[in-house]
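Quick one: the structure is below, questions incoming.
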Amino acid sequence: MKLITAYIQPHRLTSVKEELFKAEVFRMSVTNALGCGRQKGYTESYRGVVTEVNLLKKTRIDIGVNDEFVDKTVDAIIRGARTGEIGDGKIFITPLEECIRIRSGERGAEAIG
Amino acid sequence: MNKRAFALFMVVGLVFGGGAAFAQFSAEVALDQTTVELFRDSLDIIWLALGAALVLFMQAGFAMVETGLTRAKNAGNIIMKNLMDAAAGLIMYFCIGWGIMYGASIGGFFGSDGFFLAYPGVDAMHEVYIDWMFQAVFAATAATIVSGAMAERTQFRGYLVYSIVITALIYPVVGHWTWGGGWLDQLGFTDFAGSTIVHSTGGWAALAGAIVLGARKGKYVKSNGRTTVKALPGHNIPLAALGVFVLWFGWFGFNGGSTLSGVDSDIAVVFVTTALAAAGGAVGAMTLSWVLFGKPDVSMSLNGVLAGLVGITAGPDVIAPGWSIVVGIIAGLLVVLSVEVLDKKFHVDDPVGAISVHGVCGAWGTLAVGIFGGGALFVQVVGVVAVFAWTMITAFILFGILKAVRMLRVTEQEELQGLDISEHGMESYGGFQIFSNM
Amino acid sequence: MNKRAFALFMVVGLVFGGGAAFAQFSAEVALDQTTVELFRDSLDIIWLALGAALVLFMQAGFAMVETGLTRAKNAGNIIMKNLMDAAAGLIMYFCIGWGIMYGASIGGFFGSDGFFLAYPGVDAMHEVYIDWMFQAVFAATAATIVSGAMAERTQFRGYLVYSIVITALIYPVVGHWTWGGGWLDQLGFTDFAGSTIVHSTGGWAALAGAIVLGARKGKYVKSNGRTTVKALPGHNIPLAALGVFVLWFGWFGFNGGSTLSGVDSDIAVVFVTTALAAAGGAVGAMTLSWVLFGKPDVSMSLNGVLAGLVGITAGPDVIAPGWSIVVGIIAGLLVVLSVEVLDKKFHVDDPVGAISVHGVCGAWGTLAVGIFGGGALFVQVVGVVAVFAWTMITAFILFGILKAVRMLRVTEQEELQGLDISEHGMESYGGFQIFSNM
Amino acid sequence: MNKRAFALFMVVGLVFGGGAAFAQFSAEVALDQTTVELFRDSLDIIWLALGAALVLFMQAGFAMVETGLTRAKNAGNIIMKNLMDAAAGLIMYFCIGWGIMYGASIGGFFGSDGFFLAYPGVDAMHEVYIDWMFQAVFAATAATIVSGAMAERTQFRGYLVYSIVITALIYPVVGHWTWGGGWLDQLGFTDFAGSTIVHSTGGWAALAGAIVLGARKGKYVKSNGRTTVKALPGHNIPLAALGVFVLWFGWFGFNGGSTLSGVDSDIAVVFVTTALAAAGGAVGAMTLSWVLFGKPDVSMSLNGVLAGLVGITAGPDVIAPGWSIVVGIIAGLLVVLSVEVLDKKFHVDDPVGAISVHGVCGAWGTLAVGIFGGGALFVQVVGVVAVFAWTMITAFILFGILKAVRMLRVTEQEELQGLDISEHGMESYGGFQIFSNM
Amino acid sequence: MKLITAYIQPHRLTSVKEELFKAEVFRMSVTNALGCGRQKGYTESYRGVVTEVNLLKKTRIDIGVNDEFVDKTVDAIIRGARTGEIGDGKIFITPLEECIRIRSGERGAEAIG
Amino acid sequence: MKLITAYIQPHRLTSVKEELFKAEVFRMSVTNALGCGRQKGYTESYRGVVTEVNLLKKTRIDIGVNDEFVDKTVDAIIRGARTGEIGDGKIFITPLEECIRIRSGERGAEAIG
């Protein structure tokens, strides 16, 4: 099992979700994050004082999947999130040793779906 | 010596003379015709002054309603637009608008003098001043209605141009036709405090603006040839509710002050009908939203209050209290239906319902005078149509030009980012974590 | 011709005749008894009209206080309840309440005519209208007090029924006994602007409601036979503070307008005592919370302002300014103690402190007239007890019936989710990230 | 019998006697000198009472502006400070301040009686009461200005001491010199509603406070010998905007009420210039911020409104409407420049711009009377300087003592945590997720 | 060492914390998240427009533990979070290579506690 | 590749960012979190009811790095975050199997930077 973590542009969340649904990935967790990457920030000015904002709003998606789903899921995220512009984001894949469904106590492959 | 020094003298008086009456209160007043006129004038001035203050305070109400019903990322921008409607509006109405509205009439169509309140040779300028004051805040009200319907996607500088044109020209011309003694007034058109004159003018300008501007990104999503209507929920319902209560409060100045005199027993009935119509509007809108959507909708009920208020504004003095509830309820139903039709059928994107509240219910209120208040229904229809035509045409031209010179709509990127950042380089809720995936 | 057209004529007059006085101001006024009555009437109407507007604006204050001191997930719901208190309340008081309160008395217990403001044959209806207006907003105030104490767990439709019953029946009967000339009035009971009549009525109804309803889930947690009291903190203290300032402002209309005449020098002392008692309340509550909890509590100090205001309401005309500070301070102490006792001892869950502010301090204020203002203390006690008994009994019956027919409390699941979603299908702070683990 | 019972009698009257006039309205009024004085007094009382209520409501405006422009973690604290300015301020002004301001003068420098409003032997106390009422809310205004400039780092108990001293001493002495008939008044100094007397006094006390206190941590960051100025953005711009609208509304009471009489046709021009100067201020500040920073700054434009209002306050009765726009625009420019200079050059940390709005624009307004309103410019300068000197000296001493006894500034740890938690043990936005990395 | 990540119903946080304390797990980090799982969402309606809300509020708990603590911790979470209804949530376990206490620089097993 | 996750005091974020920049780590994601650790909480009192707050505000930083960057990054975080007081926080290191740049589809070492 793998844990797929993606940082995407907030406004691509809807289309990423659509692509994931098409790829039959229905489980996920979403948090909002601030990201610092290639994308340059912008300046804000408050009462005449200029501030560099280089932590930009990003949305983070975490998905635990069985190994055979990894590629499908990654592709779906890319399809939904890619605009070709800097700031599109990153996907990280980490090993997932165990997954437990709290309700039933099921573990592993069955629990993840 | 400053008048406030009276207390000093009082005390001195007490010490040396014992119990002298206070300077401020005891000035001798001759008991004659002059005194009577002085009191009458004072009552009028006080009444109009307080009315004007209340109507100006309605700007806060509009700002809060519009901010609350749109998204957090545009909150500062909508506030700037409201602020500038008031600020630029008052100045423009001083320089130009008042002259066009109440100046010597050119054929009953527009006025031609009194610009900059220049009345050479007039002594009793306080009478001009107080009347200007009360009229000016009405102009600013007409202006500010539009910002809500055009929210979240309009360029700030384009909006500034609009603010100036409506307070200098579009509204004053409507005003001249009617309250300025122009052709509609001569036909016998009656609109006590401005259901059509103020609210519909604002509402139709909002309609024109929303059409020319187009919908917010993500509001009407086309897929497979079908258009899905999405909700872009407002970010602060308590603020919107506060705005509605402020507007209700201010409306007592709007309708009450429109007696134009503090010595007028109609004030009583005007207050009663204003309060009851608002109540009716809330009940009407809540009930219909409950029936249609399965749950009583909060923002619709809030719109209902405003709908009831707009609805009674044309005839608060002639519609009986019992009927005012009916006028309010119908306005409340109308606002829900109108929002539904505009949104789902015509795909006109009006984030706060300004077109329905002010345009549609303004028209309804004007007709209601004919139905419940004894006005000539036909003349009322003529007035509604004439104001609709004038406003739509001029507003379409105005927004069309702004669009042509690329001053109307922000870019898609700016819209996504939010107008607070793109137009003003700031955030309205510094530190708050806000989901920005819309 | 519309009166606003005067400006046009003025200018014409200037051009052709030079300096003609303005139509609006110069209308001839005969200098006789009629004129004097006209001015007196006008001052009364203006004063009551503005007072009514200020009291209606207090609805905004209540809405903000109650929203601010409860949780974000119920914000839209509490606003709907406040809105409907005002809307349904005004309509019910028009249809039924006023008749019961001021109609021809049946044995000093309730009135029996004047429903729908139907007074066949009366000409000078403006006098009825303005008085109704001022009284109606008081009824809506009594109604809205309860929503805070029952917040975060009451069904919306059940609450609607309550709103109707209190404005149509419970409050008007209390009103008839007292201001309506009923038995308490005949005993010599005195309550200038309604410490008991308005505030205690609302406060005791809130007490009955909170008891029948039970506490919010998670407020009193039992474990190992011991009950722990938990804090469920409000979500928006600035909004609550705004509400308190709005109420303080509106209270000048509440107490000031209760002279019922604009030609009454008591207005001066009423304003002073109202301002000072509120100040005393804030200081009292802040100090006691500092002593008891180690830090000056913000929401308690805010409650203190309201406590002071409720406390002075029975006698702002007869209690001297110096004593009004004392009345306010005691009210401020009382509100803190009462909240403590109700919460920690009796486990009555009142999220905003409405029972303590309006019920307890209302009773205190009524007695304070006897102590500091020269009223007959015994009669005051009778009034306090009578209103307590009547309100508790009728409110218990009402809420008991609502509970029996399952219209009172939402399900546990709905309560956890928040009433905004379960009752209205929306969120009040769209986009904001809010911890919902309570 | 309570006056409200009239309705009952009316109805009885109708039934038995037919159409009897209402008790409340028809009381016989003798048509003589007494009646005339009664009306005049009533108009004065009503006008001052409403003015006082509006000015008190400005406390809500200040609270919202200051809360909105500071950080979420200090919101409850700033509200407590505002609340206590009003509460403690009113009480202190009752006990001491009024006597010093309007008591029998000791050499034109301070008053010496009338403490606790004790005027033995005076019958017509309503005249004292209403005047005290109107003056007391001005004292509370002067006090509350300072909280914004000292926000986010001042101890609550230290601030309480300050509140008491300014309303009991610093402000009343300035008031005695001028409105109290003291030496500045005798020189011919003119300041209609208090540009210098109220606003500069508050503004300069704010300046002294901000200097003694030092900047907020993280505001001016030294690295490699260079100081970088950082923005610490406010957390709630819509609330700040609401505050500004509330202040604009309340200012009509502030300036309008300062005619001190309801029978004064100057009310008209005062309202007009007040409205137009505010509009000018908004336009001026917006434009300059646009030019300087590349984008129209929201919080600066909001400050601009207040700048315009402070600017016109010294002469709303004598500056012509056209010139009032100019006065407002200049105030709007000044506020932006002053904020820039204080912040970037002198590193005086004023989170909300109170020093610039009230101190600087107050001085400007006082001079503007000399320039546009026909006052003696030299005397105006003397007044500005005298008030500056008195306030700076006394405030420096006061804040210096507070600093010496460690009652002025919270610890660094408390500042980081936020004053809501460290001073009041609570959070203002329970449940909201807020980035606290500043 | 393992990193245990649990998504639970927000209103179960208090009881999960209690169970963790009983199991002598005192360290944790909590974030809020939106989750999409088996639990069906609900519909909101704003001004008459109906919206499917299928990202539901969840609370995420991250706990770094030594290997011998894994079972204890997982059990405590389950005890605190289980209601038996859909939406109870999931627990993910990922390998944790290193843990460093910033204050002292301690690493590994000692740092985690 | 490793994924470095640090929980720090919120007000140290700025200095951590500065240290990371100096160490030429320019990519990161930031979320806010509530933490429970050695640091004792404080009590709040609302309307006279005392509440133990033991979930304190923390800031979480996630950084995906190539193996050779791990030490540099950890050191930079420690330099920026350490005050020597309880509550300074923790750093966790987990294995990172893959990293994908959404925009370009690049993978692994190139994608991470």
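Here the chain labels run A, B, C, D, E and F in written order, and each chain numbers its own residues starting at 1.
Here, contacts are C-beta pairs under 8 Å (C-beta built on N, C-alpha and C of every residue); 3 or more make two chains touch, one makes a residue touch a chain.
Here the structure is a predicted model, which means the values were calculated and not measured.
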{"item": "Other chains in touch with both chain B and chain F", "value": "A, C, D, E"}
{"item": "Comparison of C-D and A-B (more C-beta pairs in contact)", "value": "C-D"}
{"item": "Length of the line joining the C-alpha centres of chain D and chain E, rounded to whole Å", "value": "51"}
{"item": "Whole-Å gap between the CA centroids of chain A and chain E", "value": "18"}
{"item": "Junction residues of chain F, two or more chains touched", "value": "31-32, 44-46, 94-95"}
{"item": "Residues of chain B engaged with two or more neighbouring chains", "value": "39, 41, 43, 46, 50, 124, 127, 233-234, 236, 242, 293-295, 297, 299, 425-427, 429-430, 432-433, 435-436, 438"}
{"item": "All touching chain pairs, where touch follows the definition stated at the start", "value": "A-B, A-D, A-E, A-F, B-C, B-D, B-E, C-D, C-E, C-F, D-F, E-F"}
{"item": "Residues of chain E touching chain B in the complex", "value": "44-51"}
{"item": "Residues on chain A engaged by chain E in the complex (per definition of touch)", "value": "3, 17, 26-31, 62, 64, 94-103, 105, 111-112"}
{"item": "Chain B - residues contacting chain A, complex", "value": "416, 421, 425-427, 430, 433, 435-438"}
{"item": "Complex interface listing, chain E residues touching chain C", "value": "10-11, 13-14, 32, 42-46, 57, 59"}
{"item": "Contact footprint of chain A on chain D as seen in their complex", "value": "229-231, 233-234, 289, 292-295, 297, 299-300, 336, 339-340, 343-344, 353"}
